[in-house]
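Next come the structures, one after another.
Same chain, two partners: subunit A is paired with subunit B first, then with subunit C.
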Partner chain A sequence: MLFIAPALAVLLSLSIYPLIYSVSISLQQATASGAWTLDNFTRLATDDFFLTAMAHTFVYAIAALTCEFLLGLGLALLLNKQIRGRGLFRASLLVPMMLPTVVVGVVWRLMLNPNFGAVNGTLKQLGLNTENLTWTASPRLAMLSVIAVDVWQWTPFVFLVLLAGLQAIPQEPYEAALIDGSSRWQTFLHVTLPLLKPSILIVLLLRTMDLLRVFDQIFILTEGGPGFATETISLYIYRTAFRFFDFGYAAAMSFVLLALTNVISAAYIRLLQGETQKGT
Partner chain B sequence: MRPTIFLISLLLVALSTTTCINNKNRHPLRTLLTLAVVSGVEGDALKQAALDYESQTSTHIDVVEFPYANLFEKEFIDLKARTGAYDLIMLDDPWFPRFASEQFLTDFTPLLQKRGKSGPDPDFVETSLALCRHPYQTGPFYALPYVGNSQLFFYRKDLFEKYSLQQPATWNDVLAAAKTIHEKETAGADGAKIYGYVMRAAQGNAAVADFMPIFWAFGGEMFDASGKPTVNSPEGIAALEFMLELGKYSPPGYASFNADDVGAHLLQGTAAMSINWPAWISSFGNPSKSKVIGKMEFTTLPGAQKSGQAEIGNWLIAIPRDSLNAEAAMDFLLWATSAEQMKRSAERGNPPTRKSLFQNAELLAKYPAYPAQLRSLESSRPRPRTPHWTEIENAFGIFLSKANSGVLTPAEAMNQANAEIEKILQRAQ
Partner chain C sequence: MISRVFRYVALVAALVFALAPVYWMLTISLKTEVDQFASPPPWLVFSPTLEHYYDAFISRAFGQYLVTSAIVAVASTLCALVIGTLAAYALARFQLPWNLNRKLSLWILSTRMFPAIVTAVPLFLMMRDLRLLNTRTALIVIYTAFNLPFVVWMMHGFFADLPRDLEEAALVDGDSRLGALVRVVLPLVSPGLAATAVFCLIVSWNEFLFALVLTQTDAAMTLPVGIAGRVTQYEIKWGVMSAAASVAMVPILVFALALQKYLVRGLSLGAVKG
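Right after this comes the complex of A and B.
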């Protein structure tokens, strides 16, 4: 007991106390009286900024997750074979993931500059009209741009986990499928995918949690603009807490995000547990 | 054995805590001041002043530096928690009403009286001094102005001469000149393209800062006499319509532009006019950055229905209420803002807040835009002096950005902005 006391003290002071404190401020009025109230939570239902930011977060998460998964799976399947230069491909694919997110944001902000950026510069060289390609200034293109940057940075992570999953699949089921005369597609659908499912669920779980709390690259790339078009819930919580100093409301929003993330994570974990039980 | 290890651990923790608490007394014979400054040229000058002060007195000054984006939250949280960690803080003037209304700052009246002064030196520019009073213009002083920024109108005098255009006095002159330059200078190959105007319209502070001078010139006001928001007045909507008209002559993507994008266009010679801050002036003469050396001119903001007024953006220095060394802090503050020391700060690149320095021959030779800067500063206006300005500016900036990116019409944007500002004020009551 004596030896776990320091760890317990750290846990209490760094996790438990802040959690209890944030629950209490989310349930208190911001005024000096500090009376108990549910105002911060009822305000959420009528706050257009909150609802829009929440919708943007889900659009961003679903689109980025779909692209990252499909691309990551495709690359993993491609590089799971003995091809020349496989090591070099793998190593270079991992570079974006190793870069700090802020650096990625700054680099892409410069590259997406409509007038001086490398992206429009290259397209111009190819003879395309880039006059309307204002990547971070058009509400539609801005969301597409921030999703593309996330896909660029995090597809390697999905690829890495799925490649590890593919390499852990034994050869026997493939040999059996070959003897049974199964086509490549049938083998992929009935052998590879089911055996890869635990890895798929783990990577989807980790990426979903990350995507729902996305902050850095959007803050650098667009600051949530233009006209709130790329404002996600983490950005709005940050502004509410550290720009407007409305900590109670920011805490209430954080708890809603936490609850949603927990529900989604629980669904993934349930599926994962089901898979594990099937496997045993 | 185990209790001994535990006791030793406890002792070490206690010792380190005591060391932290006694940090302020590590120079037993010297007064220790802690100063929070912003990173960049404004803070650098004050940092250098602190070093000079240390060498002349028995005061040791610890300088804590934060980037602009973090300074407000660091100071606010610390002052709210009443830790007394800082003896002097640099603050951007829009933050002042919030800090003063939360009673975070020291009233300078007794400190000045103790030194035989009834108020700050009258050499300070009145508009800068007014920012340091709470309530605005009339109340006691809680800060002194250190960096005298206010917006200026930048234009390419070579292009104005080429097309026989007069220095713009009104926003209609600006629009006409932008149209002429845009039409005549966009016909060539890509490298030769010059846009008539460039502005910041990124969501938030950027869009609001570039819009306010147009809004005021068109007769718009954020609030009426009773404090109700009035941004959707006919004058306000006309001002936003004008901003969008000007946007037609701005480079593509201006709706996401911030200060660095505007600066890049001006330095590369791809835009002819802009509202900007004096900090950029020196860059135009730097051959490693500028393609327009000797081609830029600086003047006061154009007018419309009303005469032109720039947005003021001074850096102030205040003493937190919980400073343990308010007297020593005041001595340093009066020294750092004296004419002699402010001249040094000006030589390091900061616009002064003293009238005499704007007229100083040495400084004028180095900074020829000083007469325009002084005129701009003297006729400038502050952002509305409300403690809720950060939230209001954020909401207003979102709707300005929506209009500039084509999502809403000017009338829709201003009506929705007005409703949102009203909500913010109601919540604050």
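Right after this comes the complex of A and C.
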């Protein structure tokens, strides 16, 4: 028990205590007098900025998750074979996901710069008109741009986890399917997918949590702009707390985010537990 | 045959897609300003220069940010390893009452799922009251807490994989628990320990939100915050930014390649033993 004590002390003082402290901030700091009130929470329902930021967060999470999953699964299926250069390929795909997000931000600000960026430079060489393609500076394209950057960075992660999952599947069910005369599509649907389901759930869970709380990339690429076009919930909380110094309201919003991630991760974990019980 | 060709085409396309943007940034850091703005952009042929690196790390404060980042990453990793390994060992070896083992480890893991912004607000106020804003201490303490659940979770897995006989022999020989852990058990899990350490280094090195909130002075800022502060200004020195970002990237790439074997296991919190 003595061995656990330091760890518990650190987590209590730096994870649990801040949460409790945050509850009191959210309930007290709505008024100058510091009286207890629910004002910060009732304000949420009528704050259009908050609701818009929530909507942006969901659009961002759903779009990025879908693309990352489909691309990652496709790549994993393609690479689940003995081919030359697989080690090199794996190592190179690690690069985007390991980069500090701030570096990802710099990389893509350079790539997407309308004047000298490589994306528009390449498109121009292909004879396309790039005048209106201002990417992160355009209200219409900014959201698409930040989603694309997330897909660029995190598809490799989905790919790696699913590839590890594919390689853990034994050969026998495939041989049985072959004898039954199943088509490749049927084999995929009835053998591969069910056996891969635990890995799929884990990778979706981890990505969903990261996507819902996304902050760094968007902060560096667009700072939530232009205007409010790419403001997600974490950015709005940051702005409320550290630009407008309304800590109480920021704390209240952060509990909505926390509740949301808890509900979603609980749902995933329940699915996952059902899956592992079936397996044993 | 066609499917094999298709496979290789898809692979090469994915490779180019993953690496070209990073390569592009590297070239910008090595190009003179004339070449940076040239149209069409030169991908391969330009005369390289190191002036932006000199500008960033000697003339500007990026050298200082680099030192801060290194100190904070190493110190917080060491703290998290010591505290976390002890806790993981206890969880793996002692049966606590009321099924506390499982509850504790789940609870420890769940702190990892917190969105960072949720604790950023109270931690900022706490550090302000403790007069620790703009200090390395604040970042070291917070990153230790941030990495701790991960260390406990990973090391718990490595300890659980290990047979008990060896340390029990050491205990019979009169070693204390701590002595058995340090002399017998740790050497056996040293690859796992090293992998866990490298993960913590990467996380601390890359961390952005807390560093942004807690440090605003040149003396306390980490490299990511220093870079971000310049990127969002109006007139951006792209060569300097790229040079700083390229340097920030180097240790991460070295670590990640050294870590390949454990990477999937670590990133999926031990859920996938790839």
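Following the convention adopted for this analysis, the second predicted complex is superposed on the first by the 268 of 280 C-alpha atoms of A that agree within 3 Å, B and C clash if a C-alpha of one lies under 4 Å from a C-alpha of the other, contacts with A are read in each partner's own complex, and residues count from 1 in each chain.
To be clear about the criterion, contacts are C-beta pairs under 8 Å (C-beta built on N, C-alpha and C of every residue); 3 or more make two chains touch, one makes a residue touch a chain.
Bear in mind the structure is a predicted one, so any value in this text is a computation, not a measurement.
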{"item": "Touching partner for A:A91 - first (subunit B), second (subunit C), both, neither", "value": "second"}
{"item": "Which of subunit B and subunit C A:I4 touches, first, second, both or neither", "value": "second"}
{"item": "Touched partner set for A:L73, first subunit B, second subunit C, both or neither", "value": "neither"}
{"item": "First, second, both or neither for A:A177, with subunit B first and subunit C second", "value": "neither"}
{"item": "Subunit B versus subunit C as contact partner of A:L211, first or second or both or neither", "value": "neither"}
{"item": "Which of subunit B and subunit C A:A63 touches, first, second, both or neither", "value": "neither"}
{"item": "First (subunit B), second (subunit C), both or neither touched by A:V158", "value": "neither"}
{"item": "Partner chain(s) touched by A:N115 [first = subunit B, second = subunit C, both, neither]", "value": "both"}
{"item": "Contacts of A:I237 with subunit B and subunit C, given as first, second, both or neither", "value": "second"}
{"item": "Partner, of subunit C and subunit B, that touches more residues belonging to subunit A", "value": "C"}
{"item": "Shared subunit A contacts, counted only where both subunit B and subunit C touch the same residue", "value": "2-3, 6, 115-116, 124, 223, 242"}
{"item": "Complex contact set, residues of subunit B against subunit A", "value": "2-3, 6, 9, 72-73, 76, 80, 190, 201-204, 251-257, 261, 264-265, 268, 270, 388, 390-391, 394, 398-399, 401-408"}
{"item": "Of subunit A, residues touching subunit C in the complex", "value": "1-4, 6-8, 10-11, 13-16, 18-19, 21-22, 25, 75, 78-79, 81, 83, 85, 89-103, 105-111, 115-116, 118, 121-122, 124-125, 152, 156-157, 160-161, 163-165, 167, 199, 202-203, 206, 209, 212-213, 215-216, 219-220, 223, 234, 237-238, 241-242, 247, 250-251, 254-255, 257-258, 261-262, 265"}
{"item": "Touching residues on subunit C, where the partner in the complex is subunit A", "value": "7-8, 10-11, 14-15, 17-22, 24-25, 28, 36-41, 43, 83-84, 86-87, 89-91, 94, 96, 104, 108, 111, 113-126, 141-142, 144-145, 148-149, 152, 177, 202, 205-206, 208-209, 212-213, 223-225, 227-228, 231-232, 238, 241-242, 245, 248-249, 252-253, 255-257, 260, 263-264, 267-269, 271-274"}
{"item": "Residue ranges of subunit A in contact with subunit B within the complex", "value": "2-3, 5-6, 49, 113-116, 124, 131-132, 134-139, 142, 222-229, 239, 242-245"}
